[in-house]
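Below are structures written as structure tokens.
Both complexes below contain chain A, partnered by chain B and then by chain C.
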Partner chain A sequence: MSAYRTGGPLDRRRFLTAAALRGATVIGTGVVGTGALGAGVLGTGVVGATALGAVDADAAFAAPIRPLDPAVAESAFAEGRITGIDHDVLRVAGSYGDHFRVRVTGATSVWKARATTAADIETGDGLYARGVPLPDGTLAADAVWVNIVNLHATIRGIEKARLHLAHGQHEIVGNLMPERTSASYGGASPTADLSRLTIGQSAQVLGAWRPSDGSVDLVRVAVAPAAGSRR
Partner chain B sequence: MSALVCALAPLLLAGVLGPAGAGKLFGRGVARQAPRTALARLLRDGRRAAPALRVLGAAELLLAAALPASPATPFPGVAAALLGAAFLGYLGYARAAAPGSSCGCTARQDAPPTWRAFARAAVVLAGGIAAALAQQPWWDAAARRPAAASCLVLAAAAVLTGLTADVDRRWRMPLRRLRLRIAGHPLAGTAASAAVPLAATVELLERSRAWQSASRVVRSALLDHWDDDGWRILQFAGVYGGGAAARPVLVLFAVDAAASLDTVDEPAVRVSVIDADSGAPVMAPA
Partner chain C sequence: MACGSTKLWNGEATWFCCGNAWGPCAAAGGGACGTCRSSALQAAWPNASKACWDITRPDLCGEDIPRRGCGSVMKVRHDCSGASVCVTVSDCGPRTRSFCSESTCCDDVCRTNRVIDLTPAAFSAIGSLSSGTLPVSIFE
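Up next, the complex of A and B:
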């Protein structure tokens, strides 16, 4: 057993911190020519991705891409509400009356307001999954986004712990998560400073829907810059 | 009190029916919205819905004018009560037959019928009955008990405003803006926060050379992260090598915890890849 697995979580993190700080320092932004870690791996420079595509939250809304590896089958998708969980298989009732069985493995990236594990997935959650169809009819998921919502909304109210948002004719309560919710003003880097949000602003909201009360846990609120403000 | 309510009912009903009728008769969006209302389904023809809504609006305006002007006859009250009952029936139909479509209740909202719409129709029904039972003109009743009459009118106006969703939207935003102006921005405390959110660190990382050099190995979204001594450590899972030699690895990045794309042009990122099982360094990237 390795040293970093024998201790508690803190020991493990200490071990990994030391490992990370021992690593090579690479400076700068911009495109690198030939990858330094090229030896026989999948992909040609797609960032944060499996063979089926990127796995961060924004990837849930990206157009499907062709698999990078010819040996990997075309990716398939499933979406709907989770009606049951049998060990590592999620039973999903699709929005259009269809049914899916989604297999979650140790290699599946799970997003539920943050990167997490399959243990966080609950019956009743909404799901969007990408994977490869298996012969037994299940979808082997490489990435699962649970309850993810990404919408254009108008800020209609600001409180200490939540925002009131209007999406079309729907009023949505957006819960602010301490030290987690970030704002981005006019395309600038995400910041913890939420004080520049104003009532009436249009916002692009990324978050996770809460099935229990229909509110949304806000992960990122991106707004256009206020008139006359600095970037 | 009930006599006063009955006497003032025509006035209050006029306040409900007048704006709703004017909205239907003169609203610019009626022709556009009408085909999407449940009325279009009831009439089985989207083109007939807009004229039907206009006629209904004219009838409501006529009633709104007749109710307070002719308290001696029960007919306007009876007509309003019938209108309220018909509204209730229509809303029930809309809810059952076309739950997703707009009810066209005020001809301004593009929203399915809510409990507010049902409550408004019930108010019209009850108000019509009360107006039909009124024994005296509203101006006599108001002159006899001016204080009670004003209180009643104000209370009814507040309730009716609460039942009108689009008016509700109109007063709530300015009120919230005013509260922010008086009490200050509720999130002003976050302005002083120097903490760089994780999303900013990830954005910086994903634009760094270190990420590009290691991205071929990375096979997951961010799995774990923590701050240590000014560094933010970001942990990803990955696969190193191909074919039979492929093995699971952890890809670790160490980024300055205080840096973001707004503050740093040339981020220094440390990257290391370790074996997921043994924890041994797999390689030292160039």
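Up next, the complex of A and C:
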């Protein structure tokens, strides 16, 4: 696993804010829009390029936001269920009766079981968003994680297409995704080989919750190293 | 104790949800301290109490982590980006013993064993939730 050096959080924040304020909004195409930076770069993928350089999805997610103004909080955070989508603004009902409006721009990194675009966001999804508060009350999102869960569980059953997991007092069905689900054994690099998962193992499962049936699409299942391999 | 610069520990940071929440986290509750919320800058510590220690058992992984109870404040720094966040201990965790020797690296820095569990708000302040773990240093 790697983290990423973040060369320009200030630049990224400046870009994000400018993009939100000047309408560089592109939803659903993965396009890096025009506006704050002049001519944009059109594309269809998640990874694009801007005047600031490459916009790599993982690097962008990892880049923490720091304020330009020391009096401004370093970053803002929102969580809850999406109740509506108005163009580039997600209306979010927080878990404590609070409400947020999260603005998604061409500079926003979106994760929903993979790095993707805002087109994949749906009403009813759960959300964590990191961003910058704007004067209009919206949160200009730097990164949005949709339906992401990271659960400590115990493997109770293994089938060809799914795992049965115990999470606290609850049972969760984990959907294995062909060519997508990976396993990490003892912190080693993720592998497509799931054959070493066994019933009874403690596992950390990172995935995307499905609001429709409560199951979880498994992105990565991490288990401890085998006893003999412990350092 | 405050969000200071005295080194306390280092290792892996993971993240978890707590408080009122959506999806599988809906039943998470307020944690061992009763105050935990995913949207707050909070953390779970493996030695928040004797009862907590008996569950997490970091010593089984060679980590003799000191006790810091509910309300303790720590600074957690991402060892590669240098980004940091101040958190308040609000729960017990992670279950260190279940992942002994697990290691997370970035660039030339590796940290071994899960020693702190951050809320989504705290974890996302210094890294990406989709990474799952981060190598961190902890100060108080």
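Keep in mind that, in the parts below, the second predicted complex is superposed on the first by the 153 of 231 C-alpha atoms of A that agree within 3 Å, B and C clash if a C-alpha of one lies under 4 Å from a C-alpha of the other, contacts with A are read in each partner's own complex, and residues count from 1 in each chain.
Just so it is clear, a contact is a pair of C-beta atoms (placed from the backbone, for glycine too) under 8 Å apart; a residue touches a chain by one contact, two chains touch by 3 or more.
Computed from a predicted model, the values in this text were never measured in an experiment.
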item	value
Which superposed partner A:V221 touches (first chain B, second chain C, both, neither)	neither
First, second, both or neither for A:G186, with chain B first and chain C second	second
First, second, both or neither for A:R130, with chain B first and chain C second	second
Partner chain(s) touched by A:W111 [first = chain B, second = chain C, both, neither]	both
Touched partner set for A:A141, first chain B, second chain C, both or neither	neither
Chain B versus chain C as contact partner of A:G157, first or second or both or neither	first
Contacts of A:G200 with chain B and chain C, given as first, second, both or neither	first
Partner chain in contact with A:I172 - chain B first, chain C second, else both or neither	second
On chain A, the residue positions that both chain B and chain C contact, one per complex	2-5, 111, 115, 143, 169, 219-220
Residues of chain B that touch chain A when the two form their complex	109-111, 169, 172-173, 176-177, 180, 185-191, 193, 195-200, 202-204, 206-224, 226, 228, 231, 233, 235-237, 239-243, 245-246, 250, 252-254, 260-262, 265-275, 277-281, 283-286
Footprint of chain A on chain C - complex, ascending	14-17, 19-25, 27-28, 37-39, 78, 80-81, 83, 93-95, 98-107, 112, 120-121, 124-135
Of chain A, residues touching chain C in the complex	1-6, 9, 58, 61-64, 66, 74-75, 77-81, 94-96, 111, 115, 126, 128, 130, 143, 145, 147-152, 167-170, 172, 186-187, 202, 204, 206, 209, 211, 214, 216, 219-220, 222-225, 229-231
Complex contact set, residues of chain A against chain B	2-5, 13-17, 19-32, 35-50, 55-57, 107, 109, 111, 115, 143, 156-160, 164, 166, 169, 176, 179-180, 182, 188-197, 199-200, 219-220
